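Next, two complexes with subunit A in common: one pairs it with subunit B, the other with subunit C.
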Partner chain A sequence: MKKVYINSIASISPQKTFESASFLDDIIEYNDNVIPAFDPNYKEHIPPAAARRMAKGIKMGVVASKLAMEEAGIETVDAIITGTGMGCMIDSEKFVSAIIDNNEQYLTPTSFIQSTHNTVAGQIALGMECKAYNFTYVHSAISFESALIDAKMQLENNEANNILVGGVEELGAHTTNVHRVINHVKPEPVTISEVLNSNTEGAVFSEGANFFVVSNDKKDSSYAELLAVETYNTLQKDKLSETIKNFLEENNLKPEDLDLVVLGNNGDVDFDGYYNQLSENIFKNTKQVYYKHLVGENNTVSAFGVWLASKIIKTQQIPAIVNLNDIESAETNIVLCYNQYRGENHSLVLLKKC
Partner chain B sequence: MSKGVAITGMGIISAIGNNVAENFDALINQKKGITRVDNIKTIQREEIMVGEIKFTNDELIAQLGLPPENNFSRTAMLGVIAAKEAITQAGITDIKKYKTGIVSGTSVGGMDMTEKYYYEYLTEKEPQKYIESHHAGDSTQKIAEQLGIEESFVTTISTACSSAANAIMLGARLIKSGKLDRVVVGGADCLSKFTINGFKTLMILSDTFNTPFDENRKGLNLGEAAAYLVLESDKVVKAENKKVLAYVKGYGNANDAFHQTASSDNGDGATLAMKKALKVANLNPSDIDYINAHGTATGNNDLSEGRAILRIFKNEMPEFSSTKAYTGHTLAAAGAIEAVYSVLALQENVIFPNLNFKTQMKEFNLIPQTELKKKELNTVLSNSLGFGGNCSTVIYSKEA
Partner chain C sequence: MSELKEELKAKIIEQLNLEDVSVEEIADDDALFGDGLGLDSIDALELIVMLDKDYGIRLSDPKEGRKIFESVQVMADYIEANRTK
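The block that comes next holds the complex of A and B.
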């Protein structure tokens, strides 16, 4: 079985993360409960005529994938695998509301065509003229990890050498409003420093695109080795620690072997307990970081967690803004990312310095 | 590479039957399930025909014994019915005995409820329970819950009309790689105003019975359905002395990279998908005994797919047919529906006819099988082609 490496990373998020030279050193302060992605100059990457037709999610996905390809220094890949929990919300909303508002009349196909969940993966393939394997996973908070598992299997079995994997999510105004009424969105605006201790229900909704080239070919520029990925549709709180220990054991590791854990705390008073019990128990003596105070919550934001872990491993720097505790570790070699959303769809991603 | 993955159970609900036996009966008796739409109030009613499952949502809720406060979308309910049949047929009584996951394909997901309550969600308390049923993964989560699959690998694929075929492909790879011992794979999609009007704006809906591979084809009939297969590792098959229905022998996925919705003239993507599947199966085109074509009866699909099939099979064409004239095009579920039909074909050594065909297409000399035909079948190739250029082929075989 071949080893799998993260050879490039690219992130478009509510922070200025698309410029690979910087690393969370110029933080955008928010005081809101919905935060959009900070836009790169899309025109630099997509012809204006094409960009006009694209909803934001498509643009973010296309550009993030281009940046990842550029950094990896490759022209094409053996597979394109994306994850998106909510899909193309903007075009979906456009088409549904047009159906209702006009009683099924005077409809045009554009928004329907672009509403399909695999639009981003299809557009990336079109742009690259890449006829390879092309999948899109759409399973809530583990959409990205599903894509990663698929990629990892193909690379391990040497069915592919380079795979473009990514997660993308766009905000849709109506969908966000609908989630406000069921308290999935935080009731009040919060600042970055307040998110974790907001003591309210819901999360700060957001959007973004995080793409990676994963490969079974290690380069000097590789970020990390991808040791393992696992997902769980359900997981009771009282079984979480045991599950993580078993997962680590399968990889011949113990909790104390980890140099860093990347946690998905989003400040939801009802569900952060999953993370807190880890912070206070099995990872009490482990360096912990979090990121959703900077980039909000969305179905594929855990890909940002992997971006963060990769960047920390490669640069061996941990920006102070992501610290969840004060523990210092001399070196960051082995990193575990853990995420869940509303108590379901848990994921573990294990990375190692290479 | 060439060893197949065992299929030990299957379940289906479609416009031509509520289980595997009813579907088979309709297939061999040439009873199609295409009618006017009854369960959805749409102004398009008199202009389109659909492959509709006639149970209302209330009837499905009763059938599944769901509590009144449930928030199942129709997609989820159809999915549960088919998945439960598959589990029963596979003789599984203890789902936790082996590491079991589920991979499901859907494109509509919970859109049926979203379009019904879109604005009401903002003000009405009662329908708000469906807000969380909108996302595509919800139906799969619910199927897993109903089957008792916990703490496991549960995911959803949405690659338009090839979703279920891709779910089967991933499932086979999960078994081969040892990540799971057992996996339920397939797809579910219900009818919705969203898809009815979407395909209407693309002007590819027929106003009468769809006629795959016919020169005068007028477009597709949308359908709704769900179907699932149970795939099990050799270890489980041996330990449980399982009867194997057939094998997933080969699979391939490729992207046409031509246009967001239309297929390329020469069917590059479909050609590649078939090539890859044959390679994984370690078979030559001449080894394929029957092709269950995607054959949606749109002008574009049948021409592109037909050309792709010819590129692969040249002058060694086996019998081929599309079963869409029976069921309509069930979108994300189609690959699973046709997987069940492919396995039935292998089990019963029978080729299901391509209904409604009259006139050969002028672009090539392909004539589908139009009568029910008995033939010893060892391998069936099934195509599923979708929006976003997504092309998938799965090969089913009698022998591993």
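The block that comes next holds the complex of A and C.
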């Protein structure tokens, strides 16, 4: 089987992450419970005629994928695979609202066409005139990891050489309000420094797009080797440590072999216990970082965790703002990303310096 | 008639998300499709729905739209002659 490498990364998030030269050195402070993505100038990347039908999620996905392609230095790929938990919420809400408001009459096509979950992958393909494999995984908080597993398997089996893979999520006003009603959004606004200790239920909701070119062709500019990806729909809290140990063992590793763990703590008092038990036990002697205080929570935000891990491995720098503990590691070679959302859909992504 | 043309221009810009176009930039006789505003077949469907919803004009044959949507002037003439609301 061939090895798989992350050859480029691109991120649009509530932070200024689309500028690849900077690495979380100019943090945007929030005091809110819903945070939008910080927009690049979309007009610089998308022709006006194409952009006019695109809602924010599509624009974020198209631009993040273009940035990833530019960094990889390639014109096309052998597959485009995206993950999205909620899909194109803005156009979905617009279309459903029109059905209700107009008593099922006068329905226009644009928002319906643009509302499907595969719209982002489709628009990316149209933009680069790529007729290759095009697939979108929709599976809550493991949507991105599902896409990543697909890409990894194709590359390992040499069915493809370069694959664009990413996760995208956009905020829809109505859907966000529904999540407020069911207490999935934090009841109070919180700042970056308050998120973890907020002691309230729910998370800070957000949006963003994170894209990667993964390849079985290693380059000098490669970020990391993708060793393994695993997902678990359900996992009891008391089985988590054992499951992670087994996962590491399958990759001939032990917890103490890890140089860094990237954890998905979002400050939800009901579910951060999953992360805390790892921080206090099997990873108590391992360097730990987190990121959702900076970019919020959404179904594919774990892709930002992979973006962060990749960037740390390549630059060998850890921005102080993401430190979860004070342990210093001389070198960051092997990194594990762990994420779950509301106690379900757990994922493990294992990266190695290459 | 002049008011209707201005109304149509504003509706075309809003409903078709022509972000970089202003009412003043659309001349009454500008072609809406092709070399003019560059609208496409999806826009034509949007305009057919607009005629029905806002002016009570239901096009039984979508091919009629090709002539009716030639320009704002032609659209306004057709609406004036056929509107039911």
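Keep in mind that, in the parts below, the second predicted complex is superposed on the first by the 354 of 354 C-alpha atoms of A that agree within 3 Å, B and C clash if a C-alpha of one lies under 4 Å from a C-alpha of the other, contacts with A are read in each partner's own complex, and residues count from 1 in each chain.
Definition applied: a contact is a pair of C-beta atoms (placed from the backbone, for glycine too) under 8 Å apart; a residue touches a chain by one contact, two chains touch by 3 or more.
Please read all numbers here as calculations on a predicted model, not as lab measurements.
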> In the superposed arrangement, which partner chain does A:132 touch: subunit B (first), subunit C (second), both, or neither?
Replying inline: first
> Which holds for A:285: it touches subunit B only (first), subunit C only (second), both, or neither?
Replying inline: neither
> So, does A:31 touch the first partner subunit B, the second partner subunit C, both, or neither?
Replying inline: neither
> Is A:233 contacted by the first partner subunit B, the second partner subunit C, both or neither?
Replying inline: first
>> Looking at A:108, would you say it contacts subunit B, subunit C, both, or neither? Reply first, second, both or neither.
In response: both
>> Looking at A:49 after the superposition, I want to know if it touches subunit B, subunit C, both of them or none. Which is it: first, second, both, neither?
In response: second
> Which partner, subunit B or subunit C, is in contact with more residues of subunit A?
Replying inline: B
>> Looking at A:80, would you say it contacts subunit B, subunit C, both, or neither? Reply first, second, both or neither.
In response: first
>> By the touch definition above, which subunit A residues appear in both interfaces, subunit B in one complex and subunit C in the other?
In response: 105, 107-109, 113
> What residues of subunit A sit close enough to touch subunit B in their complex?
Replying inline: 80, 85-87, 92, 95-97, 99-100, 103-105, 107-109, 112-119, 121-123, 125-126, 128-140, 142-143, 146, 149-150, 153-154, 156-157, 174-175, 177-179, 181-182, 230-235, 239, 243, 299, 344-345
> Of all residues in subunit B, which touch subunit A in the complex?
Replying inline: 42-44, 106-107, 109, 111, 114-115, 118-119, 121-122, 128, 131-132, 134-138, 140-141, 144-145, 149-160, 166, 170, 173-174, 177, 179, 193-194, 197-198, 200-202, 253-261, 268-269, 272, 386-390
>> Applying the document's contact rule, which stretches of subunit C touch subunit A when the two form their complex?
In response: 15-20, 38, 42, 45-46, 49, 52-53
> In the complex of these two chains, what residues of subunit A are touching subunit C?
Replying inline: 48-49, 51-53, 102, 105-110, 113
